[in-house]
Amino acid sequence: MAKAKTSGERLARGRKKLRQIHGPGGEAVIAGLGEIAPDLARYIVEFAFGDIYCRGGLTLKERQIATVAGLVALGHSQPQLRSHIHGALNVGCSRKEILEIVIQMALYAGFPAASNAANSAQMVFRERDSRGIKG
Amino acid sequence: MAKAKTSGERLARGRKKLRQIHGPGGEAVIAGLGEIAPDLARYIVEFAFGDIYCRGGLTLKERQIATVAGLVALGHSQPQLRSHIHGALNVGCSRKEILEIVIQMALYAGFPAASNAANSAQMVFRERDSRGIKG
Amino acid sequence: MAKAKTSGERLARGRKKLRQIHGPGGEAVIAGLGEIAPDLARYIVEFAFGDIYCRGGLTLKERQIATVAGLVALGHSQPQLRSHIHGALNVGCSRKEILEIVIQMALYAGFPAASNAANSAQMVFRERDSRGIKG
Amino acid sequence: MAKAKTSGERLARGRKKLRQIHGPGGEAVIAGLGEIAPDLARYIVEFAFGDIYCRGGLTLKERQIATVAGLVALGHSQPQLRSHIHGALNVGCSRKEILEIVIQMALYAGFPAASNAANSAQMVFRERDSRGIKG
Amino acid sequence: MAKAKTSGERLARGRKKLRQIHGPGGEAVIAGLGEIAPDLARYIVEFAFGDIYCRGGLTLKERQIATVAGLVALGHSQPQLRSHIHGALNVGCSRKEILEIVIQMALYAGFPAASNAANSAQMVFRERDSRGIKG
Amino acid sequence: MAKAKTSGERLARGRKKLRQIHGPGGEAVIAGLGEIAPDLARYIVEFAFGDIYCRGGLTLKERQIATVAGLVALGHSQPQLRSHIHGALNVGCSRKEILEIVIQMALYAGFPAASNAANSAQMVFRERDSRGIKG
């Protein structure tokens, strides 16, 4: 990883990565969060997307597999899970792979967490269908 | 997935998959659990390894990425996390990739969960070094 | 437990147990889940209801007491909690017993988890009243 | 702490503390809960507010900082989190301090828990604005 | 529930219930906790055992089924889980029933939580064997 | 908050804050973590201590109250809880205040989480006594 030297560089890099994973919708979510908690929104772009997501070591697809799995296991953050299912599909996961991750997590976090995640996946898939997005 | 027709077939398939991921150590863990809760041990071989782990849709490496991420996020099951870090390394993850999954989860489950997982990873790496296991 | 020999037998046994606990509504939930994740829906019928719920060792009422308590403690799966409160009432728990389980869990998972569970119980009780279901 | 001798004294003390922290809205929430689970509602007034919240050792503001932080970390109880953000503001926390607690918890419970908490804070702030409440 | 009028009555009632469930060992645990946090220890006797455990509505055995299930689901409190497995056995649960509760929770909290709970159960059973305790 | 411009400035600021809260022991923990996961260790100094802990809006004591409360509520990270109890005492919390935070969390995360936290507090207090540390 090339270390970004300044906050501005980290932000620019994070915004680019955010767009790559979440598209324009991701920036809208961050902008919404920024109305109430601008520093939290900034840390998410700067640190989460600018530092962590820009790391090597995993492909972006593998990184999204890990993220979706972690959010299914936590169980309490469905909006973020939906957002990262979108992101995973945007960077090359198939819908079938998303459902496999959900089923795999049934073993570790239980069937209710997996069922709720499957419902979140369905919401994402339908939204993408209605907007004509492939994948 | 070819559906296994009988409990015996599922068990045989699960045992094979368990060996593929966890090596002989996995069977020892299951055998230990089987002393106290034989049916729970059987469900883990039959259902977890025989049904879920034998599914297609994800490569085995991707499945282990999801599993390790989920266990880091849950935070309360370090022995299983260590076991699945071994398993992930056995099926093609690198040590560097394990640590990337751990770092990625810092975003979703917090730094203490990630730090504890990093310590578990270190225990696994040292054990593998001391036993001369590559990867 | 008599071991079901094939996937078909386990499914049939699971469907029967699902109906016994959840009534026709349970099958509707599984069918809905089956639209998005048919294999997950199948595992729930086959493994959760066909294998685990068909075990002896606990009465069905005791098994539902354990399930409701576990879901109150997890805190993040209110739809499943409501479904299993229905199920517990269907197999012989009283409304008063449901509320006692909720109160007991205040000790282990805290008052917010218990309060949310009490609200879920109220939704279930009202639904049953409006549909003229005893118990 | 002066020990309340009887259940009646504990209830009276708890009701007073509940009003001090949550205002009349708090009593309405408890009354709503009391319709379904009167004993749970009573324990919340008697034990949570009458015993625990009446303890010394922390200022009421510090106690609310701890409560808000704990609820952000648990992640599964947004209604209670919103209620206690109101309470914290009522006993002297500033909106800025609430958001700092939320940001601090990003480190321990992850960014999704913090983002959801920030949204809950925004709902509270807007409600207070629309009702003309200072702070 | 007959309401205990004073703190002293609640404590006496709680101590008796604690002994009924946990035997002399329970009082030792509370005494140990009382060295560091006497008020917390008192609330556990007074509120948890004196108020909640003395409620009707569930048999004591059913109450312990709920408690063990909740602690298996939470996953992070093995010492308390072991203590309540002892308690459940003391008030009429069989070892087989304990293991059934653990297996049931595999569905809701995942296999790692269930496996760790099975190991805790084994520690309890062995301790009881070594001390010649039936059940 | 004055924004640190470069990674080096953030690290320097984070190290200073880490020492202020945790003393030399904190640096040793980070150094230990750095052996296995140097980037994770760097993010903790740079982002957690350099960015978040250096924010205004809460006093350092209030920030530690929030942190200790959050870690008690999560329940699965006792080493980090002990480390932050040390930190809270180092920046002005009293032992009595630590125990009050623990008792307050019994309401939100349950008695087992609170009991385990009280035991962790006792370990910290004893270590400080044995090393002759005031507070």
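Which chain is which? They are A, B, C, D, E and F, in the order written, and residues in each are numbered from 1.
Keep this in mind: contacts are C-beta pairs under 8 Å (C-beta built on N, C-alpha and C of every residue); 3 or more make two chains touch, one makes a residue touch a chain.
Nothing here was measured: the structure is a model prediction, and the numbers come from that model.
Asks: Shared touching chains for chain C and chain E?
Replies: A, B, D, F
Asks: Is it true that over half of the residue numbers where chain B touches chain E are used by both copies, so same, or is it different?
Replies: Different, since under half the interface numbering is common to both chains.
Asks: Among the chains, which is located farthest from chain F on the basis of C-alpha centroids?
Replies: Result for max centroid distance from chain F is chain C.
Asks: Test of understanding: which option in D-F, B-F or B-C shares over half of the contact pairs of C-E, residue numbers taken as the match?
Replies: D-F
Asks: Centroid of chain A to centroid of chain E, CA atoms only: how many Å?
Replies: Each chain's C-alpha centroid was found; their separation is 40 Å.
Asks: If you average the CA atoms of chain A and of chain D, how many Å lie between those two points?
Replies: Their C-alpha centroids are separated by 31 Å.
Asks: For chain E, which residues are shared contacts with two or more other chains?
Replies: Residue numbers touching two or more other chains: 39, 43, 48, 52, 55, 71, 74-77, 80, 99, 103, 106-112.
Asks: Over in the complex, which chain A residues touch chain D? Could you list them?
Replies: Of all residues in chain A, those touching chain D are 33, 35-37, 39-40, 43-44, 48, 71, 74-77, 79-80.
Asks: If you look only at chain C, which of its residues touch chain F in the complex?
Replies: 106-112
Asks: Considering only the defined contacts, which chain C positions touch chain B in the complex?
Replies: Listed in rising order, the residues of chain C that touch chain B are 1, 3-7, 39, 43, 47, 51-52, 55.
Asks: Which of the residues in chain E come into contact with chain C in the complex?
Replies: These residues of chain E touch chain C: 48, 52, 55, 57-58, 62-63, 65-74, 77, 80, 96-97, 99-101, 103-109.
Asks: Which residues of chain F touch chain E in the complex?
Replies: Interface residues on chain F, with respect to chain E: 74-76, 99, 102-103, 106, 110-116, 118-119, 121-122, 125.
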